[in-house]
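Heads up, the next two complexes both have chain A, just with different partners, chain B and then chain C.
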Partner chain A sequence: MVNNSIQRTSKFRLFLAKEGNAYAFISGYALMFIIFIVVPVLLAVLLSFTLFDTIQFPTFIGLKNYVTLLTQDDIFMKYVLPNTIEFAVIVGPGGYLLSFILAWMLAQLPHLPRTILALILYSPSMTSGVAMSVVWLSIFSGDQNGYLNSLMLNYNFIQEPIQWLQSPQYLMPIMIIVTLWSSMGVGFLAMLAGILEINPEMYEAGALDGISNRFQEIIYITIPSMRPQMLFGAVMAIVSTFQAGAIGVTLSGANPTPQYAGQLIVNHIEDYGFLRYEMGYAAAISVVLLLMVLIFARVANSLFGSRE
Partner chain B sequence: MSIFKPKRHSGIHYSGMNPKGYHPSQIKFYIILLPLSLFMLLPMVFIISHAFKPPDELFAYPPRFFVTNPTIKNFTDLFAKMSNSGVPVSRYLFNSIVITIVTIALSILVSTTAAYALSKKRFRLKQTLFAVNTLALMFVPIAVTIPRFLVIEQLGLMDTFWVHVLPALAMPVGLFLIKQFIDGIPDEIIEAARIDGANDVNIYYQIILPMIKPAIATIAILTFQATWNNADVSSLYINDESLKTFAFYITTLTSTTAGANAVAGQGIAAAASLIMFLPNLIIFLILQSQVMSTMSHSGLK
Partner chain C sequence: MTAPYLFNYGAKLYSEDGFETALGSEEALQAIRFMAESFTIYGMPLTTSNFYDSFRYGSLPIGVSNFETYVKLITAAPEIAGLWDIDLYPATVLSDGRELRYATGSAQASIMFAKTDKPDESWEFMKWWMSTETQIDFQQQLILNYGLEYLWNSANLEAFQYLPIPEHHREVILKQWEWLQEPVKLPGSYMQERELSNAWNKIVFDSVNPRVATDESIIIINREITRKMEEFGYLKNGMKMKEFKIPSIETVENWMGKNGQ
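Up next is the complex of A and B:
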């Protein structure tokens, strides 16, 4: 027994000597990562199987939250899910495609104009919704003093001011435009860097192999040569799309948004979690959201992941 | 003599990527990119112009885009103002500045040390930990607001300075970018230093850190954007008004739900938004070339 424990301590010493430093270096980040990412995700999964009103201890109710979400939550099925899919499908791939095309065009300009234009295109993404809300609220203001209303009244496109942010039919398109405007973010920069890194000889070799137009060049040379950056850009696009969910509430100033027109899954979570205190149910919606992100990321991965 | 030099693009095909100078084929890109950039710039030009408008121009009908008689009255009003609960605006700004600086410093520390270990040290969990972090690139913080709230409550971080800082340190993208960058440093350099008797702290501090300045600049920018613009932490975890941030103060000016007077606050809100926006732009301008060189290491395999 004693012998055994001595052996164990010396094994531990050996481990410390060999790997201790590595764990020490990683510990600060790992601690924050576990506390603020791993634990909340696990907690969301656990809570999603419970009934929890923040006052009483959570009680286990199995899959009931998920069943309710899929079968009885009319608002989720009728508004939130279609809205989220519409928003995500337009803003995600749309913003991604836009980022790629713009990066591709920018890569064919000399250094100085490229840098200036890239900076302009990137700058909306570094402003948060907070700094920009005053701009959007002035432009889309519902009275005749709103900039868009005033412009359209002036040219007789409309006869009376439109309540842009309070009208169900306009809120979603405005949310999409505002989000697309700020979608040239880190992923855009990564793709621009990726295109610039491609060895020029690749294009010459491609031309010799019979590539005759720019479109073929993009498909057969540019994209395959920068697959890793394409994937990084895709992941960033997916995350920022789902993260942008609060925009509808910011613009319309209300949760729920007018007639649920701009209600996205993120707002639905907040609605149940912080307004109705149905934390277990809100957690189930969170899990569904995380799964949606994973599914989108899997699709991106199968498109651009390493082919080995 | 240049006539004898072989041309880089041998005339078979002009690929046009990363050109050194002007070429007529670029015109079509300018035709698309210039108007688009101007359009993208509009909201930012608007915010600058709006912040300097006197009241009669803010509410002029028909509204005018550009300011004609610029004034700094909105800014003096802003700093003369107290929030509804009696906290001066300068206090929010001070909080934001301190929080941002502390968060950036700590974020650089924890991310670079962890990235060094993940890239250059050998240990059993290395591959697993990096895989977990890569998976976490897809993490959407807004999805787990509620469990995070419970964790923060249990840890007693509510209403503390640290609740602004600590959650921001777990930034998978930052660690990922730095780790990829350190991968580009040859192992031989580190081996040579080790033979000369350097320990891990020496190697990290004297070799790695000086070589990864671009990656540090990038994570500094990402952390800055995440922290400086953050209003959620103040609204979710802070009740003490004197601990809230400037970004949060702006939401009280513009949000209609909070019962703020949207009309009276317009000028102040515009001035505050400009103060919010400018540091983003200035910092990126200074560090942009460093960011671009980091981004070429960003590939996800």
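Up next is the complex of A and C:
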């Protein structure tokens, strides 16, 4: 009996000695992750099966929220889903491509101009709040004092000021432009680092093997060598694109945007959650958003993930 | 922002029982048509980026705005001090000669929950807070401590007389106060404001006929009101379970008359 207990204790002790430190190190991060990410996601999934008006206790109603979302919510089907997909398809891959091209071009420059230009290109993603009110709202302002309007009026392109931010046909393109401008973020920096890291001997070997122009160089050497950075950039682009929502409201000044022209899925969630006090339904929409982002991240993984 | 147009044409916002919108009436349609035509035919500027700035520089001579702009113009536009004035909200002259100049203007309210276990103390507190001396005190302390930029106007009519603004401004504000009306809030009413703005947008930008745009909005608003009424238990499977009381100006005067306060 004494032998058994000694054996058991020493197995546990062995385990502790080997891996205890590792677990102790990640316990801090794991705790934060569980509290701030896993628990809210689980709560959102749970809430999506209930009717919750933020004041009374939620009542369980099963899949009714999802059924309503897919069959009865015409704002979602007519405006939100098309807007989100249009926005995501143009800003996501478009912004990603733009980041890659700019990172590649910057990598060709010597050190000092490269650093300065990288800072210039990165700063819009950090200053979007201030830049928004000072720069964009003045350019696209709807009265005759807005920069774009007064320029076009002076040159007689138009007779009266165009309401860039209130008219449904212009709001979406402007949202896309402004988001593309501020999308050179962390992904861009990661790709720049990735390109700079590539061993120059690979290019020489490629030249020996018959690579004739720079475009082939990019496809055959640069991109395959920086797979991890491309994956990181892609995931960041996808997540931030689907999370964009405040831009429509800030630009047009109205929540929801006029005629739902700038309504993205995040605005729709906020509408149901904070304006209509239907938290269960908002939770259901957010679960759908989570699934969409997961699917697109899977696609990115299959394109760029490591094959071993 | 769209509510004064409807009030001033004599249109009701909701039906008598409060379960439907009343935007289909002739007066409402006239109001909506006027709202859109001021921009499309009469050329009112659709956006003013910063009225306070434009007013100071003289590019916009006249405008309709709120108390915040007033405080800005009083405190932060010294170069035009004394050169400008305020007046009543523009009146709409109806075909039967009535001149209506209703405008919205409420900001805050105090409420006491029905389930409170201290009803008497709460009532005493509310009476004390809204009493004239307390309101005058608070109004003047703010300005004494922090300067004229912290101008705060009391809802107490008597305390308002002590506000340190020019006499003729005070008179105009008191006169306009008689024309204060707020849109009724009932379950689903946020949809009305939203759909009115959407309808205006459709008429001005997409050249949709006002009647067509309003009809589409009416369907959406009614659906939302029904949804919310069901959620709150006023409707069940389309049958009315409880009456919904819509307060109007007469109701409020009734309450005040009854309690004598």
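We take it that the second predicted complex is superposed on the first by the 276 of 308 C-alpha atoms of A that agree within 3 Å, B and C clash if a C-alpha of one lies under 4 Å from a C-alpha of the other, contacts with A are read in each partner's own complex, and residues count from 1 in each chain.
Keep in mind that, in the parts below, a residue touches a chain if its C-beta (ideal position, glycine included) is under 8 Å from a C-beta of that chain, and two chains touch if they have at least 3 such contacts.
In this text the structure is predicted, and so the values were computed from the model without any measurement.
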Have a look at where A:Pro258 lands relative to chain B and chain C in the superposition and call it first, second, both or neither. second
A:Leu275 in the overlay: touching chain B, chain C, both, or neither? Say first, second, both or neither. second
Once the two complexes are aligned on chain A, which partner has more residues of chain A within touching range, chain B or chain C? B
Going by the contact rule set out at the top, does A:Asn213 touch chain B (first), chain C (second), both, or neither? neither
Now for A:Asn156: first (chain B), second (chain C), both, or neither, which partner does it touch? neither
In the overlay, answer first, second, both or neither for which of chain B and chain C A:Ser302 touches. neither
So, does A:Gln166 touch the first partner chain B, the second partner chain C, both, or neither? second
Applying the touch criterion given at the start, work out whether A:Thr71 contacts chain B, chain C, both or neither, answering first, second, both or neither. neither
After lining up the shared chain so the two structures overlap, which partner does A:Gln56 touch, if you call chain B first and chain C second: first, second, both or neither? neither
Residue overlap on chain A between the chain B interface and the chain C interface 137-138, 144-146, 254
In the complex, the residues of chain A that touch chain C are 53, 137-138, 141-146, 160-161, 163, 165-169, 254, 256, 258-260, 275-276
Using the touch definition up top, name the residues of chain B that touch chain A in the complex. 8-10, 12-13, 15-22, 25-26, 29-30, 32-34, 36-37, 40-41, 43-44, 46-47, 50, 59, 61-63, 65, 109-111, 113-114, 116-118, 121-124, 126, 129, 133, 136-148, 150-151, 155, 166-167, 169-170, 172-173, 175, 200, 204, 221-222, 225, 229-231, 247, 250-251, 253-257, 262, 266, 269-270, 273, 276-277, 280-281, 284-285, 288, 291-293, 295-296, 298-301
Interface with chain B, chain A side, in the complex: residues 18-19, 21-23, 25-26, 28-30, 32-33, 35-37, 39-41, 43-44, 47, 102, 105-110, 113, 115, 117, 119-124, 126-128, 130-139, 144-147, 150, 154, 181, 186, 189-190, 192-198, 200, 203-204, 207-208, 217, 226-229, 231-232, 235-236, 238-239, 242-243, 245-246, 250, 253-254, 266, 269-270, 273-274, 279, 282-283, 286, 289-290, 293-294, 297, 305-306
Chain C residues within the chain A interface of the complex: 43, 45-49, 54, 59, 190, 194, 197-198, 201-202, 205-206, 231
